[in-house]
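Heads up: the structure comes next, in structure tokens.
By letter and in written order, the chains are A, B, C and D; residue numbering begins at 1 in each of them.
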Amino acid sequence: MRASSLFTTITAFMASQKPETVYPINGLGVTPAMGWNNWNAFACSVNEDLLISTAEKMAAFGLRDAGYEYIVLDDCWSLGRDSKGNLQHDPAKFPNGMKYVAEKIHSLGFRFGMYSDAGSYTCARYPGSLGYEKQDAITFASWDVDYLKYDNCHNQGLSGTPKITSERYRTMTDALRAAGRPILYAICNWGEDFPWKWGPTVANSWRMSGDIYDSFDRPDPRCPCSGDEYSCAYPGSHCSVMNILNKAASIIDTSLPGAFNDLDMLEVGNGGMDDEEYKSHFSFWAAVKSPLLMGNDVNVMDAKALSILNNPAIIAVSQDPLGVPAVRRWRYYVNDTNQYGQGEIQMWSGPLFGGDQLVILLNAGNSSRTMNATLADIFCVATGIAKEIQEDWDVYDLWANRMDDATAQSIIDGTSIMGAGTSVASFYYNATQVSYKEGLAANDPLLYGKLTGTVTAGGAIETEVPRHGVAMLRLRKRTTTSFKVQDV
Amino acid sequence: MRASSLFTTITAFMASQKPETVYPINGLGVTPAMGWNNWNAFACSVNEDLLISTAEKMAAFGLRDAGYEYIVLDDCWSLGRDSKGNLQHDPAKFPNGMKYVAEKIHSLGFRFGMYSDAGSYTCARYPGSLGYEKQDAITFASWDVDYLKYDNCHNQGLSGTPKITSERYRTMTDALRAAGRPILYAICNWGEDFPWKWGPTVANSWRMSGDIYDSFDRPDPRCPCSGDEYSCAYPGSHCSVMNILNKAASIIDTSLPGAFNDLDMLEVGNGGMDDEEYKSHFSFWAAVKSPLLMGNDVNVMDAKALSILNNPAIIAVSQDPLGVPAVRRWRYYVNDTNQYGQGEIQMWSGPLFGGDQLVILLNAGNSSRTMNATLADIFCVATGIAKEIQEDWDVYDLWANRMDDATAQSIIDGTSIMGAGTSVASFYYNATQVSYKEGLAANDPLLYGKLTGTVTAGGAIETEVPRHGVAMLRLRKRTTTSFKVQDV
Amino acid sequence: MRASSLFTTITAFMASQKPETVYPINGLGVTPAMGWNNWNAFACSVNEDLLISTAEKMAAFGLRDAGYEYIVLDDCWSLGRDSKGNLQHDPAKFPNGMKYVAEKIHSLGFRFGMYSDAGSYTCARYPGSLGYEKQDAITFASWDVDYLKYDNCHNQGLSGTPKITSERYRTMTDALRAAGRPILYAICNWGEDFPWKWGPTVANSWRMSGDIYDSFDRPDPRCPCSGDEYSCAYPGSHCSVMNILNKAASIIDTSLPGAFNDLDMLEVGNGGMDDEEYKSHFSFWAAVKSPLLMGNDVNVMDAKALSILNNPAIIAVSQDPLGVPAVRRWRYYVNDTNQYGQGEIQMWSGPLFGGDQLVILLNAGNSSRTMNATLADIFCVATGIAKEIQEDWDVYDLWANRMDDATAQSIIDGTSIMGAGTSVASFYYNATQVSYKEGLAANDPLLYGKLTGTVTAGGAIETEVPRHGVAMLRLRKRTTTSFKVQDV
Amino acid sequence: MRASSLFTTITAFMASQKPETVYPINGLGVTPAMGWNNWNAFACSVNEDLLISTAEKMAAFGLRDAGYEYIVLDDCWSLGRDSKGNLQHDPAKFPNGMKYVAEKIHSLGFRFGMYSDAGSYTCARYPGSLGYEKQDAITFASWDVDYLKYDNCHNQGLSGTPKITSERYRTMTDALRAAGRPILYAICNWGEDFPWKWGPTVANSWRMSGDIYDSFDRPDPRCPCSGDEYSCAYPGSHCSVMNILNKAASIIDTSLPGAFNDLDMLEVGNGGMDDEEYKSHFSFWAAVKSPLLMGNDVNVMDAKALSILNNPAIIAVSQDPLGVPAVRRWRYYVNDTNQYGQGEIQMWSGPLFGGDQLVILLNAGNSSRTMNATLADIFCVATGIAKEIQEDWDVYDLWANRMDDATAQSIIDGTSIMGAGTSVASFYYNATQVSYKEGLAANDPLLYGKLTGTVTAGGAIETEVPRHGVAMLRLRKRTTTSFKVQDV
């Protein structure tokens, strides 16, 4: 029997169990972590000002209130170790030290994340924490760090079986616990040695693929495993959104509240994809409960990137109290391929808070097409015929109330959400005041997009989906009579 | 040389050897275990009443007498450990404790099975037995447990080679032996690290695939390995009957009396397949000597489910004294595919008690078809030309005397086999009084279905097989002249 | 750099080095072992008389003189261990004990081989030697055993990496060495964990595939790896001759004098293949330097089986002093397939004593065909253009002087080679008096088949090859002018 | 995050870090090693005179000055160990001992490389260093060795996970460091157990495939993994240039300055490929920063081999200060296949010193064809749209100024570069006086081939590429107006 069969009983279970049982590691990250990490846009070009100014801008743009909580510094912050073996920050980059950065970030209402590596060097060949786990965990705790990204470079060959790899990462799990400060633990071993098998007892999240790059579906030889491979002995890098998503399809249901598969940081706003592609990227990362770490330069944020990243109806899916990732129900290759020979369509669905059901229709074909999904496929379950198929459902389009470009641009131009007009109220959700769980329970319309139709018992949804785009829909049980979308 | 080549000599061998040599672990489960497990129908919704009332109903319906012996409680029965580390039952679910349940079940003529996990948590994140093997084995023995299902979740990454995994499971083998009570040991590590290589010296049965779900052949991305893969590094879940059966084809002949490949619990009666599909499912699980654990809710048992599960001619194949699984002789893909693109036909055969030969013609195409099998294929053996091909055989259809719907319904409606009419005698076999071995030796017609024809030396069987159905035939050497089915 | 590139220098090297360097383990088995093993024909039905009478018959038929040296007893000879843990023979099968058998076999001019298993049980579940290596090696030595087949069943999960598996087998290597008697060590772990990587420092030969069965090319699901796989995590059994041969193609050049890949025991004479298929089977086993263990019942030997097994021109290839296996030069699938969908053609070649070159044209298509091979392909070498292509060669057909059926039958009918007529002299080679190396050096015509043509520089061989048959040719540099076979 | 994403920041990083951080092992081999190794041409036929006379000839031909620095002795130099376990040279081959050879080689301006094996025997079965690492490292240091090739034969099964294998090789890393002499450490484990994952903390280079052989693209069964496999459990030997190159595509970006993937020694000049094939071979080995070890017999060097190996514009790519390997941008199969069924085209590119960009168009089809590459593909980067696409570039053909045959022949005939005419100055670069880095910085025209055109912003390169040949181009940002090659 597998944990993946549990969602029908998990709600009741969570109510009856003590939290430390449900979230095995540390009680943190019960919903997927949200925040920002500098790597995708800045790589090694890090310094104090970048982190603080980014945090300031994210607060001003309303992204902190939307839920982006962690400001995460990636590699290249170090100057090595001192004579006692303590990690030293690079004073040229961080003249006031790391604790100062943490305090500034905390004062802005964020939490502070740092980076190390389960090897002798980090990926950029700064000192790694292998063999220094206890000492470094104490250092991070002393710096008031709230989050640790823990990479996999230069690991001295300590890989090859789940046992070898998990022991290396668990050493830091134990060290963080011993250090006494709550630190969310995000491991990054690129899916090597099946972290979805052992991740829940080791970390709050685990990367499940090679590094993302800013492409929707271009294959790159440096990402040698195809999206059809459930096991990848060499994850590589330069993996496209579709490559990672397809790899996730097989293992995504291993995610649990407090223990999530991480599909890597977001590329939204970095310029390598078009608007529909970025919407698809963000929709799926939310739907499958991946951490949502923004990866763009907020100083050059454009209106469309902002209105993707701040959509409360999508984020509410990510932060859904059930914590159950959507799963793929079907996939078909289509002849309508692009220059890379890629073309396919998919449907994913999964349960949401309140008995709702998420549905995503993905058109990864090369032109717009009409797509549909039956309730039978949407509610495909392990045992017997789902009773939900025999019910009527309202259909909410979660992208329908996306912030308009003018409003988003006015925020950017005004350098803060306060600089925008009154229209902001139609889009602005403050999760620091009312959690997504509370908002969902209160039927806050900001979290439900727009009612666009109804599907009756035994019927199907049908909608037009643009090239490389998605229809992201939320089905709610009908309480009043309404028109129907389509019968099949 | 391999054990798989041994069946020609195994009968004589078994007669001459001491049982502890033949059944290496504990002398239990010499034929595949039969019983009921709550997971497929009830998941975590377990309690004392469910187990006892199910046992009562199974007894009343004649299923106990048919051979279903173990009432197995799955995950979610625990409340954690006490201050001494002893496992505690959940008193809300089991107000009288587990030993009370065991006694009630014993008093109904069944044996009692429980569940734990070779990890730090069970799949539903209750305490696992990793590191507590000795203590928990003593606990189970003290509760009069007769069977242990031992799962694989949250195993702390202790996998990756047969050595790592088998040592983890063997720790419980030794603990159960030390605890002193005969406890059938059913391990459930989903085929990871090749349990068919080391299972016979560790357990009475081992799961060889990811979890079954109630579908005949729908592929699901959560079961990433195709049925053609003999080695699956990530077994997953939501594996269809056909997926599991095809995986079994390569390794099924590693089963030995007392040490069986487990294809997972039955889905018969859960509603996701049609009657022919359930018949195929049950037929193959019996033919390949998988344990037969009913997985349905006996309170809503329908007539057709009952008449599948209680067919003595099929169960006699499962409990055949030779304990030799049927093997696949041929497989062809056919163009007649269903909505999932699936379509194939197969023939399996294997030796049965008394020199008989089992033959199964499987039509996994999308419509009924005429199928045939030559004696040459049916008796394909490793060395030389089988002498059996040169003999004449009577053909018995093992499904021909299936209980009719009216009788089955009268049992259900009457809430017991006693409530049915006299017609019950035509279908009712009491293996608790006369074992299947004894019944076969006595040529009990209940165990032989119906004579439907004859095949002469060098000939072939030909029969119509419905969509997703089987012809399950028993060939017996002819002793009198008779008509022939077909010559080729 | 790899050992496989060494053949051009190996002759000189062998002359200059001490033997213990060249044959790392024990100096035994410098050429592939030859003999007889009971398993393929008799499985567990073993006893003293079978071994002794077989040895007597093999001597009488001239097979001992042809080189078949080891009479090997396989599984099922044991009665368990005594109170001191010493292995006990089964007195019902071996009333005079094993040492008596050894002495009888020695007195007939053969060597005696026994069987154990690197696990807790043998495949037939008699006691295995795992944990008893030293004790059992001493027992075997005390029984005057000359050869140990060491199997892989019930190995307690001690597999998964070359390290785990090789250590398990090396324990017996050391134990045999410590026991003090020269015992050829033939390990049988079915190619698991890449024995060709570590075999030369562990054993005299290692099985490289799942068990053979008596079929030329029928696929069986119990042999799940196709012939194209160079790495097989589950070798299985019921592997056809073509399946094993194709697996061997990738790794065969890891064989060295004294350390050979073992393609499993011969099926010649067991009835599942036709004469051409058996000839192909035997030809390749000889060409690639597999051990040649007869696997048939010599009491029912037919003329054609005898005349395959006793062909000195083929055996001289097996026992060639260079010990270099032939390698595959090309392979093509053909449309001319059989009922199993199999059809292909191949050409193999490799160096032989005296500057000769072996060429095998294999027609695994479904009907006879004309095949050819260019000198460029035959002498394809790693570096540059082979000078041999620019030379003229005489072509000898190694099957042309096969013993005729009448002569073979007269031997069988006369129950000894002495019972045949004077024609025997044309076919009979006594390697116990004149080794194959000496015979080759002396240009004994029995070892060279029949001169059938010549191929000139830059030319090609062309010949008709029957269905499932081979042309097995020996090229010798021309010393006189002659006609040519074909120019290309 | 992966090291592979670092090249945009690596230049600045290298300036700011201490060298021991950048080059983790020993500070040696910051650019790929160049030199000569005897194996490909001479195998075991080694002696003092071969090494010294080759060094003399390489110096005389100007190859030392071109950068070929290491004269590496391969296997077969040993006579075993003395009574103290010290390695002994073979006095028949090296009458004056190894230190004498080292001194002679040093006096000629070269460094001296030797060979051992991380196993109990070398591939030719001389003593290996497994278990003798410290002792042998001291021996090599005492012989003034500058380079160690460390092979993988007869490794006692110590493989199967990166942990097992890397530990075996790291033992020698530590031993060499302890021995106190700077010795470049080139490990040769054929890509087993993913050396690109752990190589940078173990060695200066690591072989990533099975052994090369002198063929452009002929498949051989002894090299069982196709070029599409990123993980090869049995690397084998007889791997063609295209096979190795295609394997490299997935993992090549793991190379770092001081830690390079090794595609095996060169076959240029050995006769198995034509001139275009050898040019392609050499171009790619340089472009991907493989070590460049000549593998031919310099005594029979022909003009074309010399003018490939001595081309300073190509070598400058190998020795580029950035040390960043080119990566494959696209690959297409073409119908224009050869006798082996091979046919494909590829484009690779990567950054070079000074903001330049390397482009290689490979035509592995069977006839000449026009090929093109867009700036968008050439500058494909991970994040967003590369700004380089919007710039104009001059295009330099790096093979255009290859030494003409007459000049090359005059060097060979004159037995030294001094024997050639004044035309030599047009081709001769002395890297021992002016490093490639200095020459590039000084815009030495010898390092830039020939300006053949310009490509404007958003445009593409188009050129004719011969069968099995390459166009190897260097793009430099335009500083003056010029004609354009082609717009797209």
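To be clear about the criterion, a contact is a pair of C-beta atoms (placed from the backbone, for glycine too) under 8 Å apart; a residue touches a chain by one contact, two chains touch by 3 or more.
No experiment lies behind these values; they were computed from the predicted model shown.
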**Request:** Please identify each chain that touches chain A as well as chain B.
**Result:** none
**Proportion of interface numbers common to chain C and chain D (over half same, under half different)** = different
**Asked** What chain lies farthest away from chain D once each centre is taken as the mean of the Cα atoms?
**Response** B
**Length of the line joining the C-alpha centres of chain B and chain D, rounded to whole Å** = 59
**Message:** What's the distance between the Cα centroids of chain B and chain C, rounded to whole Å?
**Reply:** 41
**Request:** Note the residues in chain B that touch 2 or more other chains, in rising order.
**Result:** 160-161, 164
**Request:** If you connect every pair of chains that touch, what shape comes out? Choose line, ring, star, complete or other.
**Result:** ring
**Request:** State the interface residues of chain A toward chain D in the complex, per the touch definition above.
**Result:** 39-41, 43-45, 74-76, 80, 119-121, 123-126, 151, 153-161, 164, 188, 190, 210-211, 213-214, 218, 221-222, 224-225, 233-234, 236-238, 267, 270-272
**Message:** Which stretch or stretches of chain A touch chain B in the complex?
**Reply:** 1-6, 8-9, 12-13, 17, 21-22, 24, 160-167, 170, 193-194, 196-198, 200-202, 230-231, 249-251, 253, 256, 327-328, 331, 380, 382-385
